[in-house]
Amino acid sequence: MPEPIIFELSAPGRRAGGHAPASPPAADFPAQYLRHDEPLLPEVSELQVVRHFTRLSQLNYSIDTHFYPLGSCTMKYNPRVCNRLAMLPEFIERHPLAATEHGQGFLECMYELQDMLKAVTGMTAISLTPMAGAQGEFAGVAMIRAYHDARGESDRREIIVPDASHGTNPATATMCGCTAVEIPTGPDGDVDLDALRRVVGPATAGIMLTNPSTLGVFERQITEIADIVHKAGGLLYYDGANLNAILGRALPADMGFDVIHLNLHKTFSTPHGGGGPGSGVVGVNERLAPFLPVPIVGRDGEQYVWLTEADRPQSIGRLSAFMGNAGILLRAYVYMRLLGADGMRRVSEFATLNANYLMKRLQMAGFEVTFAERRASHEFIVSLQSITKETGISAMDFAKALLDRGFHAPTTYFPLLVPECLLIEPTETETRQELDAFVAALVEIRDLAYKSPDTIQAAPISMPVRRLDDVRAVRQLDVVWQPDNDPTE
Amino acid sequence: MPEPIIFELSAPGRRAGGHAPASPPAADFPAQYLRHDEPLLPEVSELQVVRHFTRLSQLNYSIDTHFYPLGSCTMKYNPRVCNRLAMLPEFIERHPLAATEHGQGFLECMYELQDMLKAVTGMTAISLTPMAGAQGEFAGVAMIRAYHDARGESDRREIIVPDASHGTNPATATMCGCTAVEIPTGPDGDVDLDALRRVVGPATAGIMLTNPSTLGVFERQITEIADIVHKAGGLLYYDGANLNAILGRALPADMGFDVIHLNLHKTFSTPHGGGGPGSGVVGVNERLAPFLPVPIVGRDGEQYVWLTEADRPQSIGRLSAFMGNAGILLRAYVYMRLLGADGMRRVSEFATLNANYLMKRLQMAGFEVTFAERRASHEFIVSLQSITKETGISAMDFAKALLDRGFHAPTTYFPLLVPECLLIEPTETETRQELDAFVAALVEIRDLAYKSPDTIQAAPISMPVRRLDDVRAVRQLDVVWQPDNDPTE
Amino acid sequence: MLSAIGVADTETLFDEIPAALRINELNNIPAGMGEAAITRLMRSRAAKDAGVVSFIGAGAYEHHIPAAVWDLATRGEFYSAYTPYQAEASQGTLQVIYEYQSMMANLTGLDVSNASLYDGATAFAEACLMAVRSNRKVNSRKILVSRSVNPVYRTVARRLTEGQGIELVEISCRDGQTELAALDGLAAEEFAAVCLQQPTFLGTLDDVDTLTDWAHAKQMFVIAICNPMSLAILRPPGEWGAAGADIACGEGQPFGIPVASGGPYFGYLVCRQQIVRQMPGRIVGRTVDIDGKPGFTLTLQAREQHIRRSKATSNICTNQGLMVTAATIYLSLLGSDGLRRIALQCHANTKVLAEKLGETDGVTVMFEPFFHEAVLQFDRPVGPLIKALGQQNILVGYDLSADYPELGHALLVCATEMRTAAEIAAYAAALESVMSSSKVT
Amino acid sequence: MLSAIGVADTETLFDEIPAALRINELNNIPAGMGEAAITRLMRSRAAKDAGVVSFIGAGAYEHHIPAAVWDLATRGEFYSAYTPYQAEASQGTLQVIYEYQSMMANLTGLDVSNASLYDGATAFAEACLMAVRSNRKVNSRKILVSRSVNPVYRTVARRLTEGQGIELVEISCRDGQTELAALDGLAAEEFAAVCLQQPTFLGTLDDVDTLTDWAHAKQMFVIAICNPMSLAILRPPGEWGAAGADIACGEGQPFGIPVASGGPYFGYLVCRQQIVRQMPGRIVGRTVDIDGKPGFTLTLQAREQHIRRSKATSNICTNQGLMVTAATIYLSLLGSDGLRRIALQCHANTKVLAEKLGETDGVTVMFEPFFHEAVLQFDRPVGPLIKALGQQNILVGYDLSADYPELGHALLVCATEMRTAAEIAAYAAALESVMSSSKVT
């Protein structure tokens, strides 16, 4: 039984009572401003709303229901208390433009969060304002540009990215008016240093690296890379989406990075929410500190205050209407205080342990691990290329067959340079039992790939829908419900 | 994939961190008091707990997910705000023995709740303390006994109940040391007055009636019944589990009842919680007022106070350690204030409208409605007897087949006097679409009962389990998990 | 819809209610209000009760409740489901109860748990009824109850059992323990059971082994009443004396349930396998379905009112299902290690509290050892002290003078793991100052 | 697990990190704390910010949020799911977004909505970029922006677009409306789009019809920035002028999202069908599965960074999914009737507020008509008033003097449906008393 579209549950005049004022006075402005027809919105009871969205929620896989080893996404457990405390009425009722006198409690948390983020990155200054990883990247590259501009080197407009980099890296370069220059990865997963040396030069603004990379390995030549780029006059950007790999084990600042963004919604465990919200806080060293986006939380004697453009004239300015995703920052703050210094080291310990264990188990089960001789970081890659060649069963087929077995699929076909790959990130919050069960499922699927590939190609069969026609979704664009539009016709 | 028992997820030494003190001092009492082994409890991570109970929850049907027309149970929507406000930190952190100075906010709500309950029942005094309907009944019958005892008529120990009465009625009589005397129902669903006249006498303590009865019809001769019983020296008890049938349409006090209990968890929409908690508040007229159980909320000038045995020497006393299910009372209070006087009349309007509509639709679809010539109240009975005779498909089979179609089953085989019956209560919060879909499902099942009864006998097939072996559940009692006990062996 | 029914208006649907009984409006009920308004109202009410620090126990204990507990328990699928009559559509609730039953059996060292009763007091009453019904060796409707059992439990049990002619006979106490000497006087009479609370209402530890063996020697049943949190460290009823208690019961509130003005909590009831058919309340059993797959269902329903009517073991129907769901989640999060830490910290905090308060002139700590409640004896009535410190938002404890006049001016205090050192110090300082600035009357 | 991996300890797993870079501990991070302790800490922090009554709007609006909204949105299955890449295992999230898109399209009168952007300001910036990319008729990187557009939106948009060489050119305002006369001066130049806010940042209503027609005549796109709550009663962008705006965007916060110190909120973005391929962000489409059954999936992914990398329409990846879930639930609960009532009540409350405050000596209400914010002009700087009334826990409004010095000592006030008559009266009384007891400086 598919769940109807909420509009289909509608009946004229029906409504959930008690949520709107009973008898407001009529509008008194000139008719030219008024809308003619009521907008089409559902007319449903509160029970219908509750039932509809409860049922819809049950159609999802989520961390709270399933193992979700989506590489590069760090789908780990979100402690419930983080949400609870971020939703305390006083926090959620505080207007963003309330004077700081009426926000000392909130600001104190933010100030301490900045300090803790300095500690985990080794950076000297933090801005909390970016609202997701990609916006953190924007802030970072914009600061790099501002830095070069301030030094009269406005021609530095090239941002170097490895071919394995996350799509947001080159996309950010473009948004900032820079050019993304891709360099290849060497056979062992590290950056190809010669290629790097070839591309750096007077046009180099900087390089964006994820370390451990999205290939799941730590870049061992990071110090050399930093040297090469810095000598060429460029800066180093650390894409810290997944800091859980090295939390408390190494500091990006020590590696030579000038700027970093962190996805708090990955490492510091805030909701993924079916696509956000997140937080992409940025940290910088002295060099870039003047350019940090505002507002920043400062301290003036006993009072916490906002530092704005007025205090930081070289700032790249504001990236959002207020201060970014405050509620996500609160969740991260609670999470960091819960864990403390030792707990944070346990994060990287278990993230790495789980990844290496799972990698080894899969290897022993005969799967082709892409960098088998390397340590896995928080994630690793399995290539199904040979199985695909022999059976026709692709990484996508494996992914769908996993869904039928109660596992969310790993990231598929990313990084783009490894064919038929699964990027697997078990995260630190899963148990060994879960990992073992996942291995068993993959083995079973592989067996079936050889014995009865049809059954795998038919997957998923136990989900609310089977494989969807994505081509049709583009060709016959149906993105807004219309009363008379039946997709099955 | 069945969800494992939580003990099966356990691994030695694993734990959800942060919930217990880190390093408490050791116990310092003599060894004779200490336990030797740790009790066997699960050792699991917080993620495991969240995932386990989230998954378990999804195995349930509930109002929030499915139409749940369970007769006599009033499975209607629980407004979320009731729970939210009853769980305000100040309410849930208030110790029951805190002085009344530290509970004026809470007590004010309770005082006003008592007043509103007087208004909806017509009674003159209320005690909020009974913790469920059955305890309300206990309180009521105990008051009736105390009343007779106080008048020197301690021989009055017979409680008359109709044969259709809810099981708690006769069971309560027994608990109170009385004898339940059953009287038959007449052919039109009303009490057989002659039978009643025959049983009343000097041993009559009182009569317990549900009105509308559990047959779903209003007892039209209620005034006569009251006369008969009162003249015989007995009192009238109103089982008000389902007041939604007559809320704001008639007052039990006017009908001649001396005492009433209300299931706040039915009419006033508090959680059913998979089996409670509830609240079975009692109301009485002048006659029984001195006997009400304590504590009761009183008023002393500006202050709200507890009235206890000291203030009410004839009270039947306390029925629980504190004041009953305070949190449920708060939810009911919020609900009543949300609805107000008009909203409460809409409750009975829609409960009755939905029941009569559904009854008529089923009748038109050819189902045998037990009291077809009567108005349905909030519920009504369908008898499948003739279908069962012709096809072998029983009310139980219909119930299970409904589950496969996304509907919780109605109450089956109750009241006991109607063979193969379904007691159907749609409640006031369902929509016409839902009722129509339910009719369609019953029609489909009936068609299949004739065309391919096997498919119906095989139901349910889409639930987490199929029909369970209840006999084995009794014979091989397995009520506590044991590591080595595999039920499938 | 009206036309389908064949009536002109909804009023007509009520036409079987005799006209004389019909009303057209509800009086004395305020007009309805929107969610925003009721939210404002309730928050202002709640605010009136805020800001106190409580050292009261006496049957309800403030422990930390992990956020996950109620986030999960109030999921609609748990919150808005009914009693699991349709087993196939209620496997979630049923499995939760099965897990709950398993945990309670393990904690108490007994065999079978039911799915909950209303609260600790009613669970105790049901235990008494159950003992009388199931003790076939002694044909008595009398039950011995130690005076150290929670006084209100005794009152409630009396109320709930006296209709059936059951009599509770008190055994006296001495130094916070059931008086063994008093037992001799009872030797002649027959009793169905003896009821012991451990830790006692006064927080002390009773000699349950000797008492259990004494009772069993006389064919009595032993009913244990335990704060379940204490079972993390104290010997479980199933191991009392040589044979263990027969029934254990008590208040489940410490397991994840807020104190919340007294409810909803839940009563637990656990017993030996042999007497399970006299158990009141729901019981969930594991069985298999027609495909041989394991599943859960309500079992032994023949004990219950909806089947057995006037011959049922109890009239209970609705119980405290949601609370048990919360408790099961709580116990899963804590495990036995977590419970042990909490129990130990409560004990340690109460020791510090008792010591600190005992340093005040005119205050003496009465009995040791104690679990997490202590009795303080004062040189003056405690009522005025409760008032005075209440004005400073300190709830000092439970006044024992009405229930135990023999203890003089006595106060029962409790400091759970939630009370900080600073809060304890503030209490001691405030007491010191109030005591020294006022005369002994 | 270590032995399966073949290492002796977990330290070894980090051996690829050059030794010089390895650290053995984290400095300057406090020790971890339990849930009870962090709860106590956060409650005490939160308490510091409590107790104020706010009359500030200026881009974030306090509306009643039905309890069901966040109860449902924070269900684990929504809260802890990722972006719905695996469509078959994400139908819940996908359908919610599809419903959200439908509601936003209907509210704005436009064809296609995306699945959200970060907030109103960034949505506006993306709208500018989108307009430049998609307006093929005018080859300009310049955009006209009315001075009545939220000043911080203008700042943010400048910041986010200037890297790509886009220039925002301001059109002046007069009497709270975009100055039509100023347009003449712009006739010669080419612009990709004109950006209009309705209601304006000053709460006033602009002549969007004339402006839209003017822009369209010059082949410009029209970007509408609207408080979506106002669309319950105001003419939707899709109906502005003869042809309607091309893109609408704005802040979704009024739809069920708490003000919460500024986020997370969500930016909405809606456009005409023709330019959908230039839309940034996720879009969900309905399609069928291999059995012909309807289902939902992310569509037009070729626009996005994970496919198109440096040529993507935006770098956005994570958006504000959960907020959109909340908004969809909110809109379902309210319906258009509910939204209309709220919009009307906000308007009425702000009218009363403006009138009352306007009665104070030295205070004038500046522009009419307004939606639910009004500009008050004072005879003195508003900074000290904000401070003085802040001490009485009244947040009087937003000081306009930095953004709009031409308005003199101006304050932007807002009274949503949440403000009661008593609160409005208290504000007026407090203002009166502060104003009359201090001299004009």
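Per-chain residue numbering starts at 1, and chain names A, B, C and D are given in the order in which the chains are listed.
The definition used in the following text is that a contact is a pair of C-beta atoms (placed from the backbone, for glycine too) under 8 Å apart; a residue touches a chain by one contact, two chains touch by 3 or more.
Quick caveat, the model's predicted, so the values are computed rather than measured.
Put simply, the chain farthest from chain D by mean CA position is C. Chain pair with the larger contact count among A-C and A-D is A-D, by C-beta pairs in contact.
The distance from the centre of chain C to the centre of chain D, each centre being the mean of the chain's C-alpha atoms, comes to 50 Å. Distance between chain centres (mean CA atoms), chain A to chain C: 46 Å. With centres set at the average Cα position, the gap from chain A to chain D is 21 Å.
Multi-chain contact residues of chain B (touching two or more other chains): 18-22, 46, 50, 54, 58, 63-66, 77, 79-81, 83-85, 89, 338, 343, 432.
Counting partner chains per residue, chain C shows two or more touched chains at residues 32-36, 39, 43, 64, 66-68, 71, 74-77, 417.
Against chain A, in their complex, chain B makes its touches with residues 1, 9, 11, 14, 17-18, 45-48, 50-51, 54-55, 58, 63-66, 76-77, 79-81, 338, 343, 406, 429-433. Chain D contributes residues 32-36, 43, 66-68, 71, 76-77 to its touches with chain B in the complex.
Chain contact summary for the complex, chain C toward chain D: residues 34-36, 39, 64, 66-67, 71, 74-75, 417-418. Per the touch definition, chain B reaches chain D in the complex via residues 18-22, 50, 54, 79-81, 83-85, 89.
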